Each structure stands twice: as structure tokens, then as C-alpha cells.
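So, here's a batch of structures to check.
Same chain, two partners: chain A is paired with chain B first, then with chain C.
Right, the complex of A and B next:
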């Protein structure tokens, strides 16, 4: 059997790739143009990005990566990419530029604006969100992030009854993680602020008026029993601060369509808990519907939330249902499409530069066309196809 | 998945045929014979046929074997990797093994590229081999034994005789060394990571797989006295 293999191989290599590459690189205009156009910009400040930079890569400085994105936001796959390439760089794409263009011209005296990102699986919704988050960080905004909202439904940790409302359920561990994440990101920005009112958590314990905000959060981290109530208090405090023009707030929720689904959580006799019965979901829905000034909410719908059998649909009406769309309206829908032709070429240039593509056959025009066909313009599949090359 | 998609290509070809021809043709097993049933032959009379072959000699018949599903002319195709997949496969689960091998190549590539970008000078960068297929081929090459032991019965008792073997057999034995060292892994460690570390070690002439090869060579040298039984 192996002899059959060798016979075919001996026919293959000569002529096929080498000839075509030599011929085309010498003659065609396209190849020359690709050499001239660059795929990188040296501007690392996202507020200076404009539509001229579309389809180019920019690197996020290492300080910002460790402070904002490293802890909860990045998935293990993205961490591996970061470790392997020794840099964290992002393609500048049209949907992110559109959102940033709107944010620059927005009137912040109006109640909060809601963006909704939607698109196919692995189309790059998360990276557009990182781009916008980096922009807001450069403008000294306060970031409140929920890296993966479906975790409240799926990850079974502690569940407890709420003291104030009997119908609601607390998730102490999840809210503790959220508080830690918030504190690490915005430590320098909230140092000076203090609480406006008193909050009673139980009969014995309460937080007084006028203590610093960081103390309130650290109280929630140390006493996990009251962590969920502290989240509610923090959201109210942030709303008051934003209304007084002291801060600007960006709320990012990834996978918001998990708010209208059944959960896998259980508590004693209650076997089925709907996501609407969780206190965390209720608190965030209150924040989204409130009339706070100086605040922007950025949500995304993900088809990963659904079961394996029906993940094909990606439109927000199909994923969130009528209930969800009615809740979010009015919102600004922004589609994140798959790669276009020009973007695909620049990404392949980047991969060649970083040595992810290194076979000489793949660098030719024929090889590029093959990779383009196999990937189907999908960003993650493009990465996958280039593994053995 | 990206390595080779033989079966899917076959199915797409079938789909193209199905558009042109009615579905009743595909109800039987003999698809091809049904497809050519209605076609008019290009040579009509016997006289034309005789004009084609003047010498009255019968035309040589070539046996045509259908190509295997793994062959392709894509950039991602590589014969030794396909051989490795076929040996690693259990219970006909080819897709699963393909995924494992893809992850192995990914792991090797990740480690090597990280070392490449960490290196500061050009001389250090030139030392690192980042091509995963080169590493893969080198590792298999290092594990190939020169001689193997074969039992030959002579006068009622068996002897283990060192024997020279051809290229195909050497490749199979070398691949088996790599796979069998990874079988003794711990339960929860995925196979792809163990294979990746083993292959990287074998590329540098270290590790258990290369040790097995050296052990076989030693045994061959110990059994040198029976080498002449090979000819009788």
C-alpha cells in the first residue's frame, strides 16, 4: 500500500507549484500590489482609528492586556494565541469602527443606548467587543463586564434563597467572581467615590453612608453570603455616579439571549429554575431598562447558548424570541459578518508574518485560493485549516 | 478535518451526478453501469473498429483500482501523516483520529513558534524548526530501526534471528514505537499532548520511543551468533 503512496508523491511536486508561482509573481499586477500594501498599523491608540485603517492589524500594549482582558475575558484558545505569537493584535473591522464612530458623536444626556451585536458562530463578535472596550478604557470609562452570561445557567455552584424576595435565587460564587473582576479593572478610577445611602443586608449587618466604594466591594468578596446583594448595591451606586456626570459607564454582556432560557440550577425542592428567577439577571435587566445618563450597554447574542442540534440560526429574533426583543427595544443592531476578500488576504499575510503559515506551497496564489475555499471565509476555520501547513 | 476530506468529496460528486440523472438510477447498487446504459457508443460499425487496430492484436487491459478516500491534491495532504492516522485508528473511527493528529500538529507548532519568537538573535532563531511536518518526519525517521528480530524454527526449536527489512516495514515499526510508548499514559491526560511531547523528544533523539529502537539494536547484536540462519 505504501508503494502506491510513494508513486503518487513522486509525480506531484515538480512543476505544479513552482512553475505557477514563478510565472504569476513575475507578471501579474495583483501580486505586486499585495507587496506594497501593509497589513499593520503602528497606531496603538484606538481613538485615532478611522475607516482608512480598515483591514489592518494593531497591537494592544501588554499593560492593557494584563489589566483588562487577561483574567476572565480571554478564552484558553485566545490565551494560547497570545502566548504563541508573543503579542495581542486585533484586526480592525467595520462593525467596531461603526460603533466607535457612533460613540464619538453621541449625546450622553439621553438615557442609555443599547447596541446589539449579532452574527454567525466564530465570526468575530468577541474581538469587536474587545476593540470597543479598549477604546473606552483609553477614554477612562468604567467597565462592567459579564464575560459569558450563560455561565450563570450552566455552571452549577452554590445556590441560595434570597432574603428580600422569596421567589428569587442567589448565586453567591458567580457574583463574587464578578465583583473581583470589576475591582481589578477599575481600581484606579473608583478610589475617590463614596456611597450615597445605607444598605441593609441583614438584621445585624449593614453598610453605612459615606464609606468608600472599594470597601463595599471588598465586603462582598470577603462575605460571600451577601455578595449578590452587594452587586445590586454597586449597580445602583454606579447609576447615581453616572447621573451626576462623574463617570462614564460601559456595560458589556456576552450572550444576552441566555436571559430567557431554562437553567440547570437546582435548590432543594425546586428542580427547574428559569433564568428570570435569578437575582443577577433581574439586577442587570433593571440596569438595562433604567434611564441613566452617560452610560452605554453593549450586548451580543450567541448561538453557542443553544443545544448542539439547533445552532444554525443566528438572527436575534430567532435566538432571543419576541420577549427578548421587546425588552431590549429600542436598540442599535450591528451585524458582524464573515471575512471579505481583502480582509482574508491581510489575515493570511499576518499568519505568514507570524509563521502560522510556512509551507512554500501555501504561500503561492494557488495555495491561497485553496485555503480561502477550505475555510469558507470563517475566521476560526481559517486558523484551523492552516494547522498542518 | 482539514487534512483530507475524501468521503465528503465523493458525496459532493454524487450530488452533482444526481442533479443530471433521475434518482431511480441510484436505487440499485450498480450505479455506474446504470449511468452508461442509455449512452450511444461512439463507434458504430465493426469496420471502424478494425481500422483502429490494424495488427489484429488484442488491446492490453489495464486494471484500474479506485483511488482511496484519503488521496487528494490539496495543499494539506501528506502521505506519512495519513499512514500514521491509519495505524493509530481503532474501530474504524477515522474522523476522531484525524482530529487527534490535527491537535498534535497544533501543539508542536505552538511550542516551536513560541520558542522562535522568544529568541532574540538571528542565530538562535535559525536553530528553531517551526515546520510541524518537518518535525514529524524527523521524529519518524529517528525511530526507524535498521534491523528487526524474526523467529525461525530450526531443528524443532525456535531462534530469534536479526534480519534486514525493507523500507515499508521499517516505517511501520518506527510508527508503532511512538504509539506504544503513548499507550502507557495516565488516564486523564489527552492523547494529543502526550503524542506531541513524544514526537518533539524523538526529533531530538531522546525519549522512550528512540530508547526502544536502541534496545532492539542491542538485542540484535546479542543474537548475532544466529545470523547465518537467515540463508538456510
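Right, the complex of A and C next:
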């Protein structure tokens, strides 16, 4: 409890004036240290984060950034920030801490647990996901990420008919991207594992039992024609491995409410393709409804998925519709709220530290109050407000 | 000395030249107007110039004028020293005699007043009631007027340090018990504060209501283009803002949000006041302007008189009367013309 009291006392007068004499005259060294770095922690291992560290920034070490996040997960906006601030630091917030708390205490013998992150646009769902992904990577979990599920709906790359089922459509290029991403992220973890059954992709081509998983994946990458089938095979393999207690699996899907929308993909003579007619979607839905142990699924509903005119709602029932909610139940809903007052202050401290806010009037209490007002407690809006400062 | 003589001679020749030109021009003007040159007065000249060279400039000093050089330039080039070279002003060798004259006069007066107070205190009389200090009612000359005062009257170039010292000394002097002559002396260098000039001082402005929980509030309507906003301001609040049930995300653009922010920042009541608003009509910018109008009108009773004056002078309390201009016949839109054809 004592540390909490120190935190409250230190934040008010001194969070901004770092070297004031008030601080030096305070009794305990811990209080002074906390005052100086009130918005940062040195602990970069997410498994050690607890509710004490709420509202503070921690930096992700560079090699992790390169390996896990740089390629497919980070948006150009975040890559820019990484370049500017010379580091990738995340604010530790309550939803991420709650999820990590649950993950630590979870009984993994039960089937797949599903988390659903929801919140207003630009409230920070993606950053909570990055935090949790970093935690899982530090615990050596296998990460299967779908950085933006609506890509399958919107980005017009090849569409082909599925060999096995006539009503479904393949997306070879998208599945290739998925496989490449998976391989890069989890290379070191899947080296030893081998396939358990044969998979027949067509009459002539099949993969045998017992070949290493990496070979299967690279087969899918080189032969794009069968990439989608390889994805299905991979998902089944991961399920089997997880059930045998060999790996722990984290599935992250951003924008799961795109599974129940119409796509913009086109194929000759076919008029409209619904997302339920894509094999990728069906494969992931199977995975989410399966009974695998040692697996956790983290999904988020994003209002970005909808058209520009339709982005006012952010509650999952409105975004996913009845179908989606019925499909995903039971799930653990986690709300990602907008910034609270303390978080706002620490974010502004961080920006000042990184020289993102440079105008001297903006660093005063009045200036901060104005920035707080203008941003409306929204993380992205706060960033945009500070752009001209 | 020699330089002074030279300058005096140049000045004289200049004046003679200008007077000749003036006389010539006067005669021509008289001829044009049909009046005898001897009977022509300055008013006739002014009228003529206004007719011949009309100008729409706001600054009347920069409009064309036709005056005798004696009204514009000083006639006699005044030597600040006599024939022997001894300067008239006793502070001539400080390079700013007039400034130092004023400062030393003020200091001298302060000494006199101090002696008086000591005298009064020694007689054992009880101290008088607290008077209203002059510094509360008057604002001393700010930097620009100060520099201008010295430049135009005495052609002296004064620095910022000197202005600071001036302000400090005058405030010190004004806080003592002043005599009439001292008050007259000080009033030269100050202008009454805006609080004396009460721009809006009616009772209507200070009206507010008290709701059931005992909180003071005031509702006012704000208008802009075709948007109508009903704004209620609750005093003793935390900084809660509500527009049509949403927070400030109701407005998406930064400009609109800043419009709502502006009156709160001016009156420095960002976190002291709750605002609830209901807006209808217009577009985003119109609605934000309407809220601004309503907000600033609703804040008046909770704010000092000086701030009320500031608000009214800044134009926040007036309805912005700009409306979309009507389309005209023979043109495409209000100003846009049809395409010009040669034939």
C-alpha cells in the first residue's frame, strides 16, 4: 500500500518539474526515484508488470521489435513513431494487465479461451494487443497473428476456387503472406515439430507424414496455388501440438467483425462474395470453436472495418451482429477505455521527454489542461493535437 | 557646436524652401477655386484637398494634407545650450534629460511624502483609513506609448530597462499617501484601467439561477449562421463538457474544438465550470461558433467585471452576423460572373 501512497503524492506537484527542491527534501529515496521517472519503468519484461506499473511506459527491446512487430504488425504510423522516438515504448494500461493476470492463472487444460477487445476508435486496442503479444513471446508461446482481418475483404489480390469444396473461395496471396509472417515469427519455436498426417492438396501433390513443419510452410509459400490449403493444414497441426501440451498458442485477430460482412473481392461471373464464403475465414472460425487446450484467442472488434459513414458504433453487438456474438460466445469481453487523467499526464510527460512537444506554453499546467480538453481523452487525438506544438 | 550651427542653417533653408512652395501652391489653389488668395483660409484648403485627392485611409494623419511648414516642422531650431555652450537643462549630460527629469522628480516627491509621514507618525495621530491606491485604478504607460512619448515630444530614444524602472518607481510612488499635485503628476503617465470603463454593467448580465442541488447555473442561446445552441454553464464544476450527449468528440475537426475551448481559456475557467450544450442546425463550424457565442454569454455572471469588459471588447459576446451572400441574377453565384465573351 505504501508504494501507492507515494505514487499519488509524487504525481501531483512534481511529475513535471523533475529537479525541484521539494523532491530532494522528501524523506524516502524511493519516493524521489519514483518522482523522477514517474512515467517510465525500467522493467522491459512484461511478465513482471503488475498493477503498480499502471500508467507508466516501458520500452520493448529492439530485437523483439525487429522480430515480432516490425514487419506485419506495425502500421506506418507506428513505424514513424519508432523512427522518431528511437524506441518503441508502450503505455501499461489496465486492460492489458487484466488479460495478463488471467493468462497467468489460467488452467490450460480447458478448451480455448476467447478474449474480445472492444473500444472506441483509436482507444488503444492494438497497443494492448502488442503488450500481450510481447508477454506471450517472453513466455515462448507460438504467435499466430492476423494483423488486419478486413484485408481479406478489401485488398483485391487473386481469388481462386477451392478444389475441395466448390462453394468456397481461396485467397492464395493473402495466405502466403500469413504463412511467411508465421514462419518469421516462430522459426525458432517450431524447428523440431513434424506433421502428424498426410495432407493431400491435389491428385498429384501431397505432403507426407513426418516432414518438418517448416518444410510444409515453405511449400505453401513457394506453391501459392496450395497456400490456402497449407494454412488449413498448419492450423490443424497447431491444434494437435497444443493438445499434446507441446506448445502454447496465441491467436490474435484484429477486426474480427469483418468475418460477417460482404467482401469486395471479385471473380469472373460471381457477383458478390460474402466473407463466410472464404476458406481462410472458415478455417479460423473452426479454430476458434475448437476444443484445443493450451490456446488462447484474442480478437478485437474494430469500427474501422465498416464504411466511413458507419463508424459511430463501437459496441461488439452492433459491429458483429447477432451471428458473430452467437458464434463467439462464450467470450471474455474486455473494454479498452480512453485515457484517464493520470494516463494523459504520463503520456504528455513522455512526449515532452521525447521532444515531441516543444512549445514552452504547452509544457505548463494550463497548456496541458488545454491539450487534454482538445484531445477529448482519445489517444490518437492527443497525438494529433501535439503535432503542431 | 559647429554641427549645431550647420544643422540650424540647413533647417532654415529648408523652411524657406517649403514656405515658398506653400505660397505658390496656395495661389494656384486660390486660382482654381476662384477665391482671392488673401481671403483663403485653412478650411478652404482642406476642403479642396479632400475633393482633389480623396483617400479612404483610416489614419487621418496619413491622408494628403496641405499645411504651412510652421505647423509641421518646428520654426526655430532650438539650441539646447546658450551662447557660451552651457546647457539649459540641468540633466543635459545624461543623454536622456527628460526621462531622468521625470524620474528624479518622482523620487523627490517620494522623499517629501516620506518626511511627511514621519512627521505625522511622530505626532502620534492614529493612522488614516486605507485609501484606494492610484495603481489599482490606473495602468502605467506600456512600452510602446512610453517610447513614442519620448520620441515625439523630446526626440529621445529610451530603452526597455528604463521603462521597467519607470514602472517600478511609479507604482512605488502611487502606493504612498499622495497630495493633489502628486496625483496630477502621476496621471500624466497612466491611463485609467479598463475596469473604470464598464462596458457592460447591467443587472441582466449577472443573473443566474440556482437548481435543486444548489448549484448556480445560467443558460444562454448562441447563434451562428443557421445553428442554434442552448448552453448551460454550471459554476463550481470540474470541467465536464457535454454536447448533444457526447463529449468534445461531437466535433471532429481541431478548429471546431478550439472554438469551444477559447472562451474557457480566456476566462481561465477550464476546470472550474461544467458545460452542457444542445445544438441544432447548421454545419460543424456553425454549430461550434454558436456554442462559443452561447458559452461566453453564459459565463458572464461567474466572472469578474474586468473579464466581462475583455469579453465584450474581444467580440465573443456579439452574434456573428456573417451569412451566406445571396445569388444575383446575371451572375453565376454571389460573386462569380459568367464567362466573358468578346462578342
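Rule of thumb we're sticking to: the second predicted complex is superposed on the first by the 352 of 389 C-alpha atoms of A that agree within 3 Å, B and C clash if a C-alpha of one lies under 4 Å from a C-alpha of the other, contacts with A are read in each partner's own complex, and residues count from 1 in each chain.
In this text, a residue touches a chain if its C-beta (ideal position, glycine included) is under 8 Å from a C-beta of that chain, and two chains touch if they have at least 3 such contacts.
Given the structure is predicted, the values throughout are model-derived calculations rather than measurements.
Colleague: Would you sort A:384 into first (chain B), second (chain C), both or neither based on which partner it touches?
Modeller: Both: A:384 reaches chain B and chain C.
Colleague: In the overlay, answer first, second, both or neither for which of chain B and chain C A:84 touches.
Modeller: Once the two structures are laid over each other on A, A:84 reaches chain B alone.
Colleague: According to the stated criteria, A:308 is in contact with first (chain B), second (chain C), both, or neither; which is it?
Modeller: After superposition on chain A, A:308 lies in contact with neither partner.
Colleague: Now for A:359: first (chain B), second (chain C), both, or neither, which partner does it touch?
Modeller: It touches chain B, and chain C stays clear.
Colleague: Thinking of the overlay built on chain A, is A:376 touched by chain B (first), by chain C (second), by both, or by neither?
Modeller: second
Colleague: Which partner, once the models are overlaid, touches more of chain A's residues, chain C or chain B?
Modeller: B
Colleague: Hey, what residues of chain A end up touching chain B and chain C alike?
Modeller: The overlap between the chain B and chain C interfaces on chain A comprises residues 370, 374, 384-385.
Colleague: Write out the stretch or stretches of chain C touching chain A in their complex.
Modeller: The touching residues are 239, 241, 247-249, 254, 257-258, 261, 264-265, 268, 270-271.
Colleague: How about chain B: which of its residues touch chain A in the complex?
Modeller: Counting only chain B, the residues touching chain A are 1-3, 71, 73-76, 78-79, 81-83, 102, 105-106, 109-110, 113-114, 116-118, 130-133, 167-168, 171.
Colleague: So in the complex, the part of chain A that touches chain C is made up of which residues?
Modeller: Result: residues 366, 369-370, 373-374, 376-378, 381, 384-385 of chain A touch chain C.
Colleague: Could you please specify the touching residues of chain A with respect to chain B in the complex?
Modeller: Those residues of chain A that touch chain B are 2-3, 5-6, 8-9, 12, 80, 83-86, 354-356, 358-359, 361-362, 367, 370-371, 374, 384-385, 387-389.
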